[in-house]
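There are structures below to look over.
Here come two complexes built around subunit A, the first alongside subunit B, the second alongside subunit C.
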Partner chain A sequence: MAKTYDYLFKLLLIGDSGVGKTSILFRFSEDAFNISFISTIGIDFKIRTIDLDGKKVKLQIWDTAGQERFRTITTAYYRGSMGIMLVYDVTNEKSFENIKNWIRNIEENASADVEKMILGNKCDLDAKRQVSKERGEQLAIEYQIKFVETSAKDSLNVEYAFYTLARDIKAKMEKKQEASNPPGNRSGVHQLKDSDRQRKPTSWLSRCSLL
Partner chain B sequence: MSSSSVEDIPEQCRDLFTQDGVLLKSCMGRPISDLNSIGMLCIVQNVDSSKCIEWRPNDLITIDSDTQDQEWAVVNTIGRRQRTLSGNMTSDYAAARARIIRIQLNELKTFKCSRNNQQMQFSTKPGVWHNTFYFQHGNAEIFVANLKNHVKTAKTRHDRNTYVVVEPNVESQELNRSFAELDIFTENTTDVVWNFVHNFKQRPYATTMEAFSKLNDIVYYGNEAVNGKRDVTEEVADLLTKSMSALEDATSVTRSDEYEVINVKPTLPPRPCIPRGTSLSTEKWEGLHDTEGRITEVEGVKQLIFRGGVANSIRHSVWKYLLDYHPWTMTHAEIKVLQKKRTEEYFSMKLQWRSMTEGQEARFSEYRDRKSLVEKDVNRTDRTHPFYAGDNNPNLVILQDILMTYVMYNFDLGYVQGMSDILAPLLLLLGNEVDSFWCFVGFMDKIASNFDMDQAGMKQQLLNLQQLLMFASPELARHLAAKDSANMYFCFRWLLVWFKREFSHKDIMRLWEVLWTGLPCANFHLLICVAILDSEKDVIMHKDCGFTEILKHVNDLSMCLDVDRILSTAEGIYHQIISAPHLTDQVCVILGIPTVGAKPEEPEEPEVPQAGPTNGNAVTYNPDMEEVTLEYNGLQISVVTQTVWALLA
Partner chain C sequence: MSEAEITTNTGDSPNDLVENGLNKLVVKCKYCGSKILDKKLGKYILQEKELPLMQQDTRKEGEIQNEKVNQFYHVENMFTFDNIGFTHTVDCYKYLSCADCDAGPVGYYDMNSKHSYVALSRIEHA
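And then the complex of A and B:
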């Protein structure tokens, strides 16, 4: 049985309700945009396998509900994430201010070395903009996190964002491996065991998925 | 003494009401061998037009290990002698007749319901309960409602479930007739046989359990319809034979000769398959109102709705009652007044937020936040449904207005995601802003704890669900625990919006109206979860199904579920749970039924030290006893040591 991927990365999308997390994920996984999306209740994830420098990287991207009171439940899924997308809505000042709270939330619930990235979504809506690109960049510098403005609607920078985050995780991982394994023995702790690779695509993955 | 045996059934007796699946649990002056058999509880009109309660045994369905061989013999007999019942059958028939119990209504003094309304006791002398019956399917509510048409009763002050007969009710013929429509279990006997043959192929064991008592009547009493029209053919006999082996399979564990302690696992009794009924029709619903518009038989109505839901044509009316907007006891005139008052109330609350100026809003961040949450969600609610589809859809404005007005109605709760999902089907059905608002208020009252700020209500429910699953499907519960999923978070969406995201609009209406009845127990929606999970057990317990796959699989069940099958399964699980000999207090508390550990409400009758096989109280713990007799699903199991109790606990 041929292996289906070399790496499996678990990513997480967080941010206020309505900033466009589900839309970004839908754009990335199905390359589509749906104006009549439904709000996320609970938690769900989507899968896309990308090619990164000759390696097949399977991204398992978790999408959570944005409203604060559901956080007690959703934070349970932070564990094990290797990368987090912090999303705000450029037409919504409050969602931008809340990024700080979300970062604090990550610090409390996710592993310390998790890769992060800030996304200012809905940049297609220039007329309604409340948060300038400069303020976004400023915040990113403050926290030393990468930043990009995106539009799930116009498919702007969504691919770029995920590829960037995945590449950063891969780089960090390989650096760690090199540190722990002298060159010549690169079995790699994060690389999957044979039994995992041999997994057949299971039936539920082929079913229709409603977010 | 009223509950005496009768040797003859008077020829001209008329059954006014019959309830199948009633177990005789105790009867003064009867040998223990007569107990625990299933029969039919009837209200019968005698030749002299006096009335009595009559219980007739259906020996075929007695699940007692001693009589099982006998049952086999009877089953085989049917094939050979289709119409001429003679020899042994006749003496069986006579024996069965001798076991009929009759209680004359003019001698009946008190009766009471207990054990979550599944048990009924009758007394003709103060302080002595002569008979105890256990309702295997459903509960005694419809029987009581019917009985109350024939006797005038008053509830005792100290116990709401005890009725004192004031005088026999003579002028109840009218009510009688209207109530006959409520008799959902009455079927044409010929149909019973053929339904049975048909259903058997799909669900052999359960079908047998359901249909046996009815079929039995035909065999014993020689139903004319059967003899005249269609034969009870070899096919039936064949099926019966097969079904009996199914019955045997299900109980074989406990029939082995050696009662090794190690083999006595706290297993649940077999799951009865309870068919769904037909929906409450327009005619029935109209017939249930008295001349002024009151609805008196509330429990009966709820039973009907629980069984079959509501016909779409009358949903807009019935839902207002189920959601506590219209009180059942109000007349049409009173409801008109109420509606006017509620309309005014609604619009005055609506005005409160409508008259807020921009400046006010700018300085009122809490209000602003709520408003923006509502706006975001309204735009994402059921937009694929024609009613809410398209740009500038006026129904979206109504959705928004109702939710904003609810923010003013209950500012502390405000708006929480999920509420738009709750409201959308109500507005879709009712079409009217005010009605939808008040029905929404009623629904929210039922599920308010889902939206607690700290999510305590949701966490409690997830915990309760886990505990129920551990009881009803322990292997699955253990598997989930092993896969890091014991917190049941993957059921969060199901519970938060009562499965709204899992079913089509048509199906969610059915599920909700059934759940709103509050029957057959508290937290029945958790048993819906158990039913779904149990039917997905094979996939979930597959070795490759880990934490993420479980979540994915559960999420992807959305729109792939069969509402009627799930309701039926959930009800079956309910009966399994409450009949389990190892029923725990924890489970009782979740389901709102009397706890096992609690003292029985009535003093135990000396004649029957261990009554009732299918009841939670069936098992009596006696630490001094070396040998314990367990009543399990009608089977007597003797176990030798106390360690069994540790296993059962």
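And then the complex of A and C:
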């Protein structure tokens, strides 16, 4: 069957427990499906298709909830990931301080050129805020990572964040392709080859875990 | 999910929905209209499977209510989907849900074959 997309990016949501990673992926809130079978089991990952400058991009977005209690995310989780959303809760000082630890964890375990973005989540809860937007911005400047405040509850900036991260990964990939291909010999062939490689299922996904 | 017998049969397909063994129309979420699968990308198959109900009766604690489902669209590569959610694994299956409103299961994913199956009765054709 013909290929139905141009790019496939694996993205991870990382951060302390309770910062709202699952809410970013999963609209738990008070909707009709709150008591559904799906919410009981929980979402592992989602596939979303977006259009970036005329290219069809598939995002595979993984939640790491439940893993973070080990304070680190295992190497297996990072394997093949091209983008990481670092999430903290603006009403939780500790979760903000821990972003530095998560960045260290990423540097130790993930691929060196993984794209990162910092999300200050729950920005709708202004009365309970412990971390100012300026501090978030300062941290982002320090690490040279993009930053945005989000509210998963109000769907504020969540889509924007994913588009931004995906666009940065795409730009990085295209730059790499340009560097590895002599000018004039740049055709869709290389791009196709590259994304075909990504299509291979990763071993940790294919492993069947028995609960 | 119980181990129902899989009998693949492509006969008796509903003509208004299936053409050349594939979904003629776009597959969307029944509840929010989110696009799940583009046309002509799912292979129509008949197989009897038990799927948990989308709305579980919470009065029956610890008991999952299922129903038998017969008609599915078979999707070999998960990245063929436009928008879809995969639950955590239960007995070598992941359940499929709407990526936008989380309604589901709209089908299931088999961890061994890595193929996905979307139940016709759980989605909307558009």
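Heads up, the rule we're going with is that the second predicted complex is superposed on the first by the 157 of 211 C-alpha atoms of A that agree within 3 Å, B and C clash if a C-alpha of one lies under 4 Å from a C-alpha of the other, contacts with A are read in each partner's own complex, and residues count from 1 in each chain.
One rule holds for everything that comes next: a residue touches a chain if its C-beta (ideal position, glycine included) is under 8 Å from a C-beta of that chain, and two chains touch if they have at least 3 such contacts.
On a predicted model such as this, the values are computed, not experimentally measured, just so you know.
Novice: Please indicate which partner A:A65 is in contact with in the superposed arrangement: first for subunit B, second for subunit C, both, or neither.
Specialist: It touches subunit B, and subunit C stays clear.
Novice: Applying the touch criterion given at the start, work out whether A:K175 contacts subunit B, subunit C, both or neither, answering first, second, both or neither.
Specialist: Touch status of A:K175: no partner.
Novice: May I ask you to decide whether A:A76 touches subunit B, subunit C, both, or neither, giving the answer as first, second, both or neither?
Specialist: Once the two structures are laid over each other on A, A:A76 reaches subunit B alone.
Novice: Please indicate which partner A:K128 is in contact with in the superposed arrangement: first for subunit B, second for subunit C, both, or neither.
Specialist: After superposing on A, A:K128 lies clear of both subunit B and subunit C.
Novice: Is A:D44 touching anything from subunit B or subunit C once the two structures are fitted on A? First, second, both or neither.
Specialist: both
Novice: Report for A:K94: first if it touches subunit B alone, second if subunit C alone, otherwise both or neither.
Specialist: After superposing on A, A:K94 lies in contact with subunit B but is clear of subunit C.
Novice: With both complexes overlaid on chain A, does A:G18 touch subunit B (first), subunit C (second), both or neither?
Specialist: Touch partner of A:G18: subunit B, not subunit C.
Novice: On subunit A, which stretch or stretches are contacted by subunit B in one complex as well as by subunit C in the other?
Specialist: Touching subunit B and subunit C on subunit A: residues 35-39, 41-45, 60, 199, 208-210.
Novice: Applying the document's contact rule, which stretches of subunit B touch subunit A when the two form their complex?
Specialist: Those residues of subunit B that touch subunit A are 369, 372-373, 376-377, 379-384, 389, 416-418, 420-421, 451-455, 458-459, 487, 489-490, 492-493, 496-497, 501, 539, 544-545, 548-549, 551-553, 555-556, 558-560.
Novice: Touching subunit C in the complex: which residues of subunit A?
Specialist: Within the complex, subunit A touches subunit C at residues 1, 4-5, 8, 26-28, 31-33, 35-49, 58, 60, 199, 201, 206, 208-211.
Novice: In their shared complex, at which residues does subunit C touch subunit A?
Specialist: 31, 35, 38, 41, 52-56, 58, 64, 76-92, 94-95, 97, 99-105, 111-112, 114
Novice: Across the complex, what residues on subunit A touch subunit B?
Specialist: Per the touch definition, subunit A meets subunit B at residues 17-18, 35-39, 41-45, 60, 65-67, 69-70, 72-73, 76-77, 92, 94, 199, 202-205, 207-210.
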